[in-house]
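Two complexes follow with chain A in common, the first pairing it with chain B and the second with chain C.
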Partner chain A sequence: MIDLNCVLGCKSILNLHRTAFLCSKGVSPDTVPIISRWAESLDKSSTCVVCGYLMQIEQQLAHKLMWDKVPLLLVLDEPLPRFFPSVFLQAAADGLLAIVSTAVSPDQSLDRLVSARIRNAFMIDNSDDIVVGYLNPNGTIHSQLDGHDNVTILGQDGL
Partner chain B sequence: MSKVSANSVVKIVVAEVSPVIRMGVVAAIKRVAGSSAILFEIASPGDLQTRIKSYQPDVLVINPLFAPGLDVAQLRANPDLDLADACIVALLSTPPSRLALAAYDNWLSIYDSENDIQSLLDALSKAEPAKADSDDDDEQLSAREKEVVRYVVKGLPNKEIADVMNISLFTVLTHRRNISRKLKIHSSIALAIYAISNKIATVDEVK
Partner chain C sequence: MVFNDDLVAFAVDTQVPPVSIGDVSLLSAERSLAIFLDPSRPLSSSFRSSVLSFYHDVVLFSPLSTPQERSLVLSLLSADFSVVAVSRDLLSPVYRTEFLSAAADHRLLLLDVCLLTGVSSPSPEAFSLLCHRFMAANAECALCNSPRDAFADVFPSLSYPVSFLS
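This part shows the complex of A and B:
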């Protein structure tokens, strides 16, 4: 259950159907258009995408979703940055953006892998279904999704 | 300060290379402020940033010539230093130039008398009784706090916010501390997103 006190921005979008987007490292260029088409197929009136902002593909997706006015819950695995691109401000003004950080504390820097696992777990636990851009069978996300049956995998090929 | 800020202790950092001036200023402020202020000194420009990070001052009294190329606006905007809520006072040994002091909240001359120092501290602290650390569990911002948020995200320095709202600098600082505590927001961009998404400010107003 998301602690609303920790959510910045438009909290009402959390009442929408929440779809998490996860992606293993090493996504192939062939998979990117598939992810893009998936994003374009979303029903923006009923879906909130839960997405990270660490990998390039996550950042590209987040910007596309904000551009397309799709509600977005951004999950950061580090304290809130001091600066965001202005597109974030517009998305907030449009009531389409919420941000939450899963960083344990502002001063604590965890191992990158540990903080990513914490963030992924938060996204998995707080979403109605999960879409995976690319799933590395030997990666962290694969093990974290074990036992979940609400998962859709978009791309099978890695680099 | 002792007259007005009975419920809070103010951390004042004095940054000045000259030990005579620095210690003199610290001693003068101590005499005036008494136990309502804790004073720290920064003697070396090389220590400026690490000491500021360590002390987290409410008030930074700094000689504009303390370090070559000292840019107070940049100092205030540096996210690592967490000075956004602090009041920065220029410590002057020459007559002030209004232009050069635009980025400061106030100024203090080494020739100031104790009465002058008292006046400065009073100006900083004479307060409508802002609730320093409210026990109120309601984390909603008050109307006044929302007003402060709006001015902060518009980029107004604390001094200007105090002028516009007709309150003291310390009241502004207290409001800002309460806002940070209530919202658990410690960065200006997060505050901007809060303000925009809660219709306290528009995108165009955010600086």
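This part shows the complex of A and C:
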């Protein structure tokens, strides 16, 4: 369960159907339009996308969702920053953005891979279903999704 | 967190500059107070504490221009006040976390007074005057940290009394 005291922004969007977006590193240019079309197909009245903000594809998706007025829970694997761009402020004011950090403590720096795994686990555990933009069969996301049957994969090696 | 400037710029450039960000219903609040800070005077802790103590149920109007104004607005937002911040270039700067929280809680309205009034690229003095006139016209009472002379270009036009606190 998400501790609402740790959530910044519009907490009411957490009551919507939560769809996590995960993506392995190395997403191919061919997959990006597929991810974009998936984002455009979302029902913004009933869906909240749970997304990270580390990789470029996650940042692109987050900005597209804010632009398209789709509710968005950003999950950061580092402490909450002190400053946000005005587009974040606008999305929060529109009741469409919440932000949460899975950093263990404000002054503890973890290995990037460890902090990403913690973030991914949070997203998987706190979402109703999971969409994977690109899945590397040898990557950490693949192993973290083991045993989950609510997963849709948009792009995968060998497909 | 390091924001990708290119991505932010892309998102910003594709938008029409907003006149406001936040809850416009704050403009029609039942009780509102405009705060005028004299930039030549430091913001005293007693003034700040008086505002925080006595006006919690009031929507506070303030410019967001000088360091004193920014400091006071930040204090107000941190203390869960509702604030109408009169500013400009709403998409240019980054905002502190307190602004994002207040926006999500419908306690904040940021207004671009230059777009509102059609005045482009005013000098700092002209911008300050624009802010003060906007506040004078839209709030229902005023509080100032300086003698009346400091705002002689605005106060004579007010139809309501002004309170002074040092």
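General remarks:
The rule is simple: the second predicted complex is superposed on the first by the 156 of 159 C-alpha atoms of A that agree within 3 Å, B and C clash if a C-alpha of one lies under 4 Å from a C-alpha of the other, contacts with A are read in each partner's own complex, and residues count from 1 in each chain.
One rule holds for everything that comes next: a contact is a pair of C-beta atoms (placed from the backbone, for glycine too) under 8 Å apart; a residue touches a chain by one contact, two chains touch by 3 or more.
The structure presented is a predicted model; accordingly, all values stated were derived computationally and were not measured.
In this superposed model built on chain A, chain B and chain C take up the same space, so to speak, and clash. Contacts of A:Gly139 after superposition: neither chain B nor chain C is touched. By the touch criterion defined above, A:Leu97 reaches both chain B and chain C.
In the superposition on chain A, A:Tyr53 makes contact with chain C only, not with chain B.
Contacts of A:Phe88 after superposition on the shared chain: both chain B and chain C are touched. Judged by the touch definition given at the top, the superposed model places A:Cys10 against both chain B and chain C. After overlaying the two complexes on the shared chain, residue contacts for A:Leu76 are found with chain C alone; chain B is out of touch.
Once the two complexes are laid over each other on the shared chain, residue contacts for A:His63 go to chain C alone; chain B is not touched. With both complexes placed on chain A, chain A has more residues touched by C than by the other of chain B and chain C. Counting contacts as defined above, chain A residues 8-10, 80-84, 86, 88-90, 92-93, 95, 97, 99 meet chain B in one complex and chain C in the other.
Across the complex, chain A is touched by residues 79, 139, 184-190, 192-194, 196-197, 202-203, 206 of chain B. Across the complex, chain A meets chain B through its residues 5-6, 8-10, 80-84, 86, 88-90, 92-93, 95, 97, 99, 106. Against chain A, in their complex, chain C makes its touches with residues 1, 3-4, 7-8, 10-12, 14, 18, 21-23, 90-97, 99-101, 103-104, 106, 108, 110. Within the complex formed with chain C, the chain A residues making contact are 8-11, 53, 56, 59-60, 63, 66-67, 76, 78, 80-90, 92-93, 95, 97-99.
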